[in-house]
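Below, subunit A partners subunit B and then partners subunit C, in two separate complexes.
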Partner chain A sequence: MEEKREKYTKYEKARIIGARALQIAAGAPVLIKTDEIDPIEIAIEEFEKGVIPITVKRDK
Partner chain B sequence: MYIEIRAVDVVRVPPKRLGDDLQVVVKEMLQDKLEGRMDKKIGMFIAILDVVDIKEGRLMIGDPGVYYETVFDVLVFRPKMQEIVEGEVVEIVEFGAFVEIGPLDGLLHISQITDEYISYDEKGAKLVTKDTNRTLGVGDKLRARIVAISLNEMDPGDSKIGLTMRQPGLGKLEWIEEEREKEKEKG
Partner chain C sequence: MQRALTAEDKEEVVKELIRAGIEEEIAEQIKGEFIPAELTIELDELLEMQIEEAYARDILMVQGRREEGEVKLGDIELKVNKSKLPELIKGELRKKLRAVRDKLSRRKLDEILKKVEEKYEKAKVEPREAVGIVAAQSIGEPGTQMTLRTFHYAGVGAIYITLGLPRIIEIVDARKKPSTPAMKIKLAGEYASDRNKAEELTMEIEETYIRDIGKVEASTEDMSVWVSLKERELKRRHIGREEVEEKLKGLGAGVLVEATEDGKLRIQVQNKFYHELLRLEEKVSSTLVKGIEGIKRAIVRRDVDGEYMLYTEGSALKKVMRIEGIDFSRTTTNNIAEIADVLGIEAARNAIIEEMMGTLEEQGLDVDPRHVMLIADAMTMDGEVKQIGRHGLAGGKASVLSRAAFEVTVDNLLEAATHGETDELKGVTENVIVGQPIKLGTGAIELVAR
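Our next item is the complex of A and B:
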């Protein structure tokens, strides 16, 4: 049950951004100021700024 | 009987509420989910009292909502076999009386009201005894014992609670008083 900030796998990154985009598309409050209108683009920008409140749990 | 219990359940916080205070939203979701609902083993959920602990939120594939497992205190109405209850008559029918006990109604079958012969007076909407001319009508307060319980989760209003008053110390409150006065005079 470790949190990994330095390097997510590409699958983890995709899952995080995808889950966050789904939340945004469904009306969740957005955590950054942006001009983007596409939920996926917004999620990507939140990810790059490191503000997405989603953690990854790994079994090892 | 009313009891406070500590319970565990999982609630879903909808995406629109994700920015709100977690304690507030989780309590609200618990209230929406549980208050007014019946559980066969636990009883009827009356009110969520306190949210004691909220675990880490979990995400499900394809669902934008977040699921939180939570520990909370809740007030529950749990009718117990052989329990003595006091209630008020809310309806008189041919076969007996419906008595309001807590959030549910119990049924006092006409055969379970007194030891003497009792009949239904349709015009007055009362049950009347033959010998002592005692009546039982809407609004009367009484003391009875629970002798049968059948809780329906799907339709809580359809739950059946069977009552009896054919035991010493039970009956319409006025009758109990009369009996007590009689005992005093004797002794």
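Our next item is the complex of A and C:
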């Protein structure tokens, strides 16, 4: 997953991690190997690795 | 990055230098002093930089030098110019770096620049940040620490200027006239260096009425107004008797003025009515003989650069503009409406920022200028100076709910209802009221699946 990652603002980052954590908490398959059990921590790790299948819609 | 400097390159640099306003002779001389090695930065980049004239030469001198040894002026110029900072910060940084040049090494210089760039990046706001609220809080909190007293000693002679919270309120309310109008007038040429000349100007602009230079009496005996001028005042203010007579004759058609041998002036009333006499007396005593209407007092002070300048009580920007000996481009008033009128809206925006920052600083409060700039922008963005409150910014909002939430709720709702207004629910306030997420911060972000 070494594609060129977009630069997110802190608000975008928070929103993406939040949405992903909700998915994980609801039982979505986790996309990385991790020892974490807290959905938010897992989502953060996924975000840092750039594997979350969510982006933001920009330029309105 | 490194490239040998060819003859064409030199030619081009010299051409660019001439274009930048450097004399041809000097430019040619610089060409001769090029170090024949290589360019440490690309030529295009060099040509694009805004190099201060005095340092153009230094830049060329450090070209091709190895990365060691003492820091030259050219190094500072070059490295600061290469950094990703805005011009204003670059300028300030250059000045500061030049002052400590002998204590710098090139490594330290790089380090400093890196730190400054880092700090600058950190100070930027991210998109969707609630800057308005942050600005409001950042001015509101220091506001609680400000004095509530209306008048404050301004530190210049005996001129009093409204400061502290009352002044901030005045600015934000966009009053037509401040409670204490005042000007700072800079002088040009020898007026700035000669105290006597500056004092003369004081007399030139201070408003002088007949009542200031003499006694005005109405006599029922001969139904005329008598003016006895005070010799001392006339001399001090450089006013001739004829001048006064001239002014009085200009009062109106049929006004009879005659000078008696004891130095008094007699002005006759046309109709021999008592109230006519009183009216004439009032008219005579408030006739402007000299100076600018509105400038109640002017005093000479020396500024930090040792230049003489004038501080005035009262303000009349337009008229002061025409006085000889004044450097108008550096003359200001604290009357923002007047600035908007005479110099335009951008100048008014600047004046709002200067005045607010000035009052805050005077109270020892350190507020980031960007908050104040945002307020000034909001007040002036429509081309006229608008106040913040219900007759300006808040009252002009498109949303009914937003207006109703601010002040006079019922009036606003009633007015909107009678006109059948619609609320588009686009702003922040409206959405808070109806309980929806607001378009700010995380609330403004739309997610899409990748």
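The definition used in the following text is that the second predicted complex is superposed on the first by the 53 of 60 C-alpha atoms of A that agree within 3 Å, B and C clash if a C-alpha of one lies under 4 Å from a C-alpha of the other, contacts with A are read in each partner's own complex, and residues count from 1 in each chain.
Just so it is clear, a residue touches a chain if its C-beta (ideal position, glycine included) is under 8 Å from a C-beta of that chain, and two chains touch if they have at least 3 such contacts.
Computed from a predicted structure; not experimentally measured.
**Student:** Is the arrangement of subunit B and subunit C around the shared subunit A a clash or a fit after superposition?
**Tutor:** Once both complexes are aligned on subunit A, subunit B and subunit C fit side by side.
**Student:** Tell me the contact category for A:Ile54 with respect to subunit B and subunit C: first, second, both or neither.
**Tutor:** both
**Student:** After the superposition on A, what does A:Ala25 contact: first (subunit B), second (subunit C), both or neither?
**Tutor:** Only subunit B; A:Ala25 stays clear of subunit C.
**Student:** More subunit A residues touched by subunit B or by subunit C?
**Tutor:** On the superposition, C touches more of the residues of subunit A.
**Student:** Counting only touches as set out at the top, which of subunit B and subunit C does A:Glu12 meet: first, second, both, neither?
**Tutor:** second
**Student:** So if I take every C-alpha atom in subunit B and every one in subunit C after superposing, what is the smallest distance between them in Å?
**Tutor:** Distance of closest C-alpha approach: 5 Å.
**Student:** For subunit A, give the residues common to its interface with subunit B and its interface with subunit C.
**Tutor:** 19, 54
**Student:** Taking the complex as given, what residues does subunit A use to touch subunit C?
**Tutor:** Those residues of subunit A that touch subunit C are 9-12, 14-16, 18-19, 52-57.
**Student:** So in the complex, the part of subunit B that touches subunit A is made up of which residues?
**Tutor:** Listed in rising order, the residues are 14-16, 18-19, 59, 62-65.
**Student:** Once bound in the complex, which stretches of subunit C touch subunit A?
**Tutor:** Touch list, subunit C to subunit A: 126-129, 441-442, 444-450.
**Student:** Which bits of subunit A are touching subunit B when the two form their complex?
**Tutor:** Those residues of subunit A that touch subunit B are 19, 22-23, 25-29, 54.
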